[in-house]
Amino acid sequence: MALDLPRGELSSEMEGYFAKCDEKIGYVPNVLASYAHDNAKLEAFAAMYNDLMLAPSGLSKLEREMIAVAVSSQNRCYYCLTAHGAAVRQLSGDPVLGELMVMNYRAAELSPRHRAMLDFAVKLTDTPWAIEEADRAALRSSGFGERDIWDIGAVAAFFNMSNRMASAVDMRPNPEYHGQAR
Amino acid sequence: MALDLPRGELSSEMEGYFAKCDEKIGYVPNVLASYAHDNAKLEAFAAMYNDLMLAPSGLSKLEREMIAVAVSSQNRCYYCLTAHGAAVRQLSGDPVLGELMVMNYRAAELSPRHRAMLDFAVKLTDTPWAIEEADRAALRSSGFGERDIWDIGAVAAFFNMSNRMASAVDMRPNPEYHGQAR
Amino acid sequence: MALDLPRGELSSEMEGYFAKCDEKIGYVPNVLASYAHDNAKLEAFAAMYNDLMLAPSGLSKLEREMIAVAVSSQNRCYYCLTAHGAAVRQLSGDPVLGELMVMNYRAAELSPRHRAMLDFAVKLTDTPWAIEEADRAALRSSGFGERDIWDIGAVAAFFNMSNRMASAVDMRPNPEYHGQAR
Amino acid sequence: MALDLPRGELSSEMEGYFAKCDEKIGYVPNVLASYAHDNAKLEAFAAMYNDLMLAPSGLSKLEREMIAVAVSSQNRCYYCLTAHGAAVRQLSGDPVLGELMVMNYRAAELSPRHRAMLDFAVKLTDTPWAIEEADRAALRSSGFGERDIWDIGAVAAFFNMSNRMASAVDMRPNPEYHGQAR
Amino acid sequence: MALDLPRGELSSEMEGYFAKCDEKIGYVPNVLASYAHDNAKLEAFAAMYNDLMLAPSGLSKLEREMIAVAVSSQNRCYYCLTAHGAAVRQLSGDPVLGELMVMNYRAAELSPRHRAMLDFAVKLTDTPWAIEEADRAALRSSGFGERDIWDIGAVAAFFNMSNRMASAVDMRPNPEYHGQAR
Amino acid sequence: MALDLPRGELSSEMEGYFAKCDEKIGYVPNVLASYAHDNAKLEAFAAMYNDLMLAPSGLSKLEREMIAVAVSSQNRCYYCLTAHGAAVRQLSGDPVLGELMVMNYRAAELSPRHRAMLDFAVKLTDTPWAIEEADRAALRSSGFGERDIWDIGAVAAFFNMSNRMASAVDMRPNPEYHGQAR
């Protein structure tokens, strides 16, 4: 049972954002609905999320979604695995890749670049205290630049937050995700 | 060695924010400096952080800082333990409380309210997949309301992000924190 | 890359079994193909598997598949999660239930019977040394009889074997499973 | 207290198997007695066990027993450590080797072949999701062939099943094992 | 390969102690021989050990040895499991009890007193940070007094030291232990 | 609430030791006070402690204190982190080094010698069963001799004891430590 927080008054910007969601994808993702009890929190979350996942980056949008799912798999987050698993399937056009990110990224036959990226993200998730210069060096020798390292770290770190937010308040994914891009 | 990302062009709002830091506390916290390579990321981080830690809440500012440190202790984050350990010492006027949050919150002689709050935050940190309705019920029976549960979850989740961001790019705390409020 | 073991000579019974698979479901499950390098091993595996999953039991076939997937999720077994996740979707007619067993069975809204059954199976998977009389007592008070306890233990134990066999030789699921019963 | 399942009707083959146990070693191993509530389950278990531990293989019988004990040590299975610890003592004529497999295989002064074999078996036991091609390559460079890798994996996987079956129903080893081959 | 430290000059008291060992049990335990590179360290170790295991206490000598073995099992210490496993067999006259302490103390059918004692010792070994007043209260309600709690803690703590000392320098048990009191 | 054990009769040597503490540092460390219920235990503890931390060694006193704190951080021991954190600050004249040992030794910019020393001590703390010849070889190639290896092991092992003794009886650090050498 999710928390029962009444919807707060939203800014026109946020009302517009929700309307655009409805129009473009047919629903408001439940994570946004769950933040809607407080406009300031919703705006901060949306700003960070949209910058992280959609702004220009040395990482493609698919790569960012792959990190999201591999991290969420470590934390066994039902909400994020469902929503971002669908995103991997959609962006890659490869339904099996989405499943592999959910189940065990080590079983996927990844390029060395993607393997290094996910190894870093998963180590950062499981034993953040053990991340050291050698881990950044491994990313550099797989072709990632300084800003790319920031972005890998930032996406992995963000989903360590949102996985826990989803668990804390028992967010439930919109049912539409399950069948997408199978 | 931290990442070497050149400072980006900051909005006047962010320049003002940095100036205010310098004026009020004598330095810009290194976490903000580290986000300054990209104005959008800095703004999103600052908005979320300030809402979370400073906006009105059923949790006092000290309680939010206690969660920050207890979570950072599980993740052994040098940056956050240093900066927020100082904040606990300052806000509580009790230097020993700051040490206890860093070392082992279970050794502190806490009120039942604070113990329940930190047990939830630490379980959410270590085994987020195992948080269930019974964990929320334990908060409720310690006197926390629905919005308080959101806030406990949100602070704990946020530091699970920032602990990992600090590890990913090797953020180093400003030296001023160490001696504060001893 | 899976092991490269040439197919052995199969008994007519096993040839018939493979033919029946082809006829009824359109393919031979890769786990069986992988045992086909040695007829004795294939026969022993098939006999144990078919008794366990298909013979009369106080557990329904769906319940046995739910255990299979919850156990395989702990062991992050790509093969078994894929094949038995499909079985849960098919037998339950509930695609979301299959996803929940893969991602985090604790997030499913299960009957007390099913929750007790999976709690036992997952504890037996993760900390078998800690299973004691109290764990069996919990099953009894959820309505399970002695033989049911055997069967829950046996299915959970079996998938702890087959998860590891799949990992040891890198079994790959037949592609047909992914889209089934979505 | 073990499960209380009345003995089922056994096939003449299984009756003969039990009689042969009594004749050759003086008792029926309790694991077989515990499966005797259901003839089909007993036959399937016995067929798999006997093929695995006694059929021709690139692994000697002692090597298979060493794997059995090293795996059972990870899972702290009283039944299997007792029964198969005795087997290692008997087959090796080295009582200390049996103790080392029970206590900590890393403390034994093993040949590189045996160390590689047990490292694989124990990793497969503890973190099956992390077994990858590099682990198989390590076995190959220690002189193991493809079929040997199968057999190492199969023995390790089997004892991950039987350790858990023993825990699930609280199997107790026959007292005869304790003093054997000391 | 153990450390290669030449024997130091021993005090006449320590020479006498070694001679008494030779006379009474036929050998000097290797742990003492390994400390003999430095007389001061040997004396300190022997004084602490003898007080702990032999001085008057509310715990019987057997109970102290049971703790020693249960703790050493968690740390998988070959030396201590061998030497103190023999002591449990000898003091109890029950060879199986010694095996159970080595393999899995939870599988032993212990009195509530002994179970509480070992639960405390093992929790103190595995998660010392989580020992709290409730754990001491559980000992009290099993009939242990304040000094008994000290002694349980002291024996468990001591073997957490000696297990690690044995691992650090690779101590090897005297061969005599293996066959004792089988 | 610590154990309530009345003070025993102390030898004149121990009375003198306590008096010297009072005179030189202004208080008797609470760990000594807690052993004072039994003179023999106090003498044994003091003899071992003083030899270990103060006697001539290839390790400096600061190095021994660094090991003490890094080990105590793994075990989250409030008493030892407080008392020995202060010692690191004092002996090094570097308050930040004390904090780093408490929080995460990996974040300190250590010499290769110190890093190797602490890596060994922490591995010995967390997974003593996995310490092998290769770990000692790593110390040797960082310049440590055989006796140095003994001393690193001995200090790390000792604090694994005293951390647990402090947890078992809930020792509380003297308040003087908190502000020392900030």
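Letters A, B, C, D, E and F mark the chains as written, and numbering starts fresh at 1 in each.
Just so we're on the same page, contacts are C-beta pairs under 8 Å (C-beta built on N, C-alpha and C of every residue); 3 or more make two chains touch, one makes a residue touch a chain.
As the structure is a computational prediction, the values presented were derived from the model and not from experiment.
Asker: Would you mind naming the chains that touch chain C and likewise touch chain D?
Answerer: A, E
Asker: So if I look at the partners of chain A and the partners of chain F, which chains show up in both lists?
Answerer: Of all the chains present, those in contact with both chain A and chain F are B, D.
Asker: Which chain has its C-alpha centroid farthest away from the centroid of chain E?
Answerer: A
Asker: With chain centres taken as the means of their Cα atoms, state the distance from chain B to chain D in Å.
Answerer: Whole-Å distance between the two chain centres: 50.
Asker: Using mean C-alpha positions as chain centres, tell me how far chain C is from chain E in Å, no decimals.
Answerer: About 43 Å separates the centre of chain C from that of chain E.
Asker: Between chain A and chain B, what distance separates the C-alpha centroids? Give it in angstrom.
Answerer: 21
Asker: Two-or-more-chain contact residues of chain A, please, as numbers and ranges.
Answerer: Each of 76-77, 104, 129, 170 in chain A touches at least two other chains.
Asker: Hey, which chains are touching each other here?
Answerer: Result for touching pairs of chains: A-B, A-C, A-D, A-F, B-C, B-E, B-F, C-D, C-E, D-E, D-F, E-F.
Asker: Within the complex, which stretch of chain E touches chain D?
Answerer: So the residues of chain E in touch with chain D come to 73, 76-78, 81-82, 95-96, 99-100, 102-104, 107, 170, 175, 178-179, 182.
Asker: Given the complex with chain B, which residues does chain E contribute to the contact?
Answerer: Checking each residue of chain E against chain B gives 129-130, 132.
Asker: Using the touch definition up top, name the residues of chain E that touch chain F in the complex.
Answerer: Answer in residue numbers: 1, 3-5, 37, 40-41, 43-45, 47-48, 51, 55, 75-77, 120, 124-125, 128-129, 131, 133, 136, 146-147, 149-150, 152-154, 156-158, 160-165, 167-170.
Asker: Could you please specify the touching residues of chain C with respect to chain B in the complex?
Answerer: Per the touch definition, chain C meets chain B at residues 104, 106.
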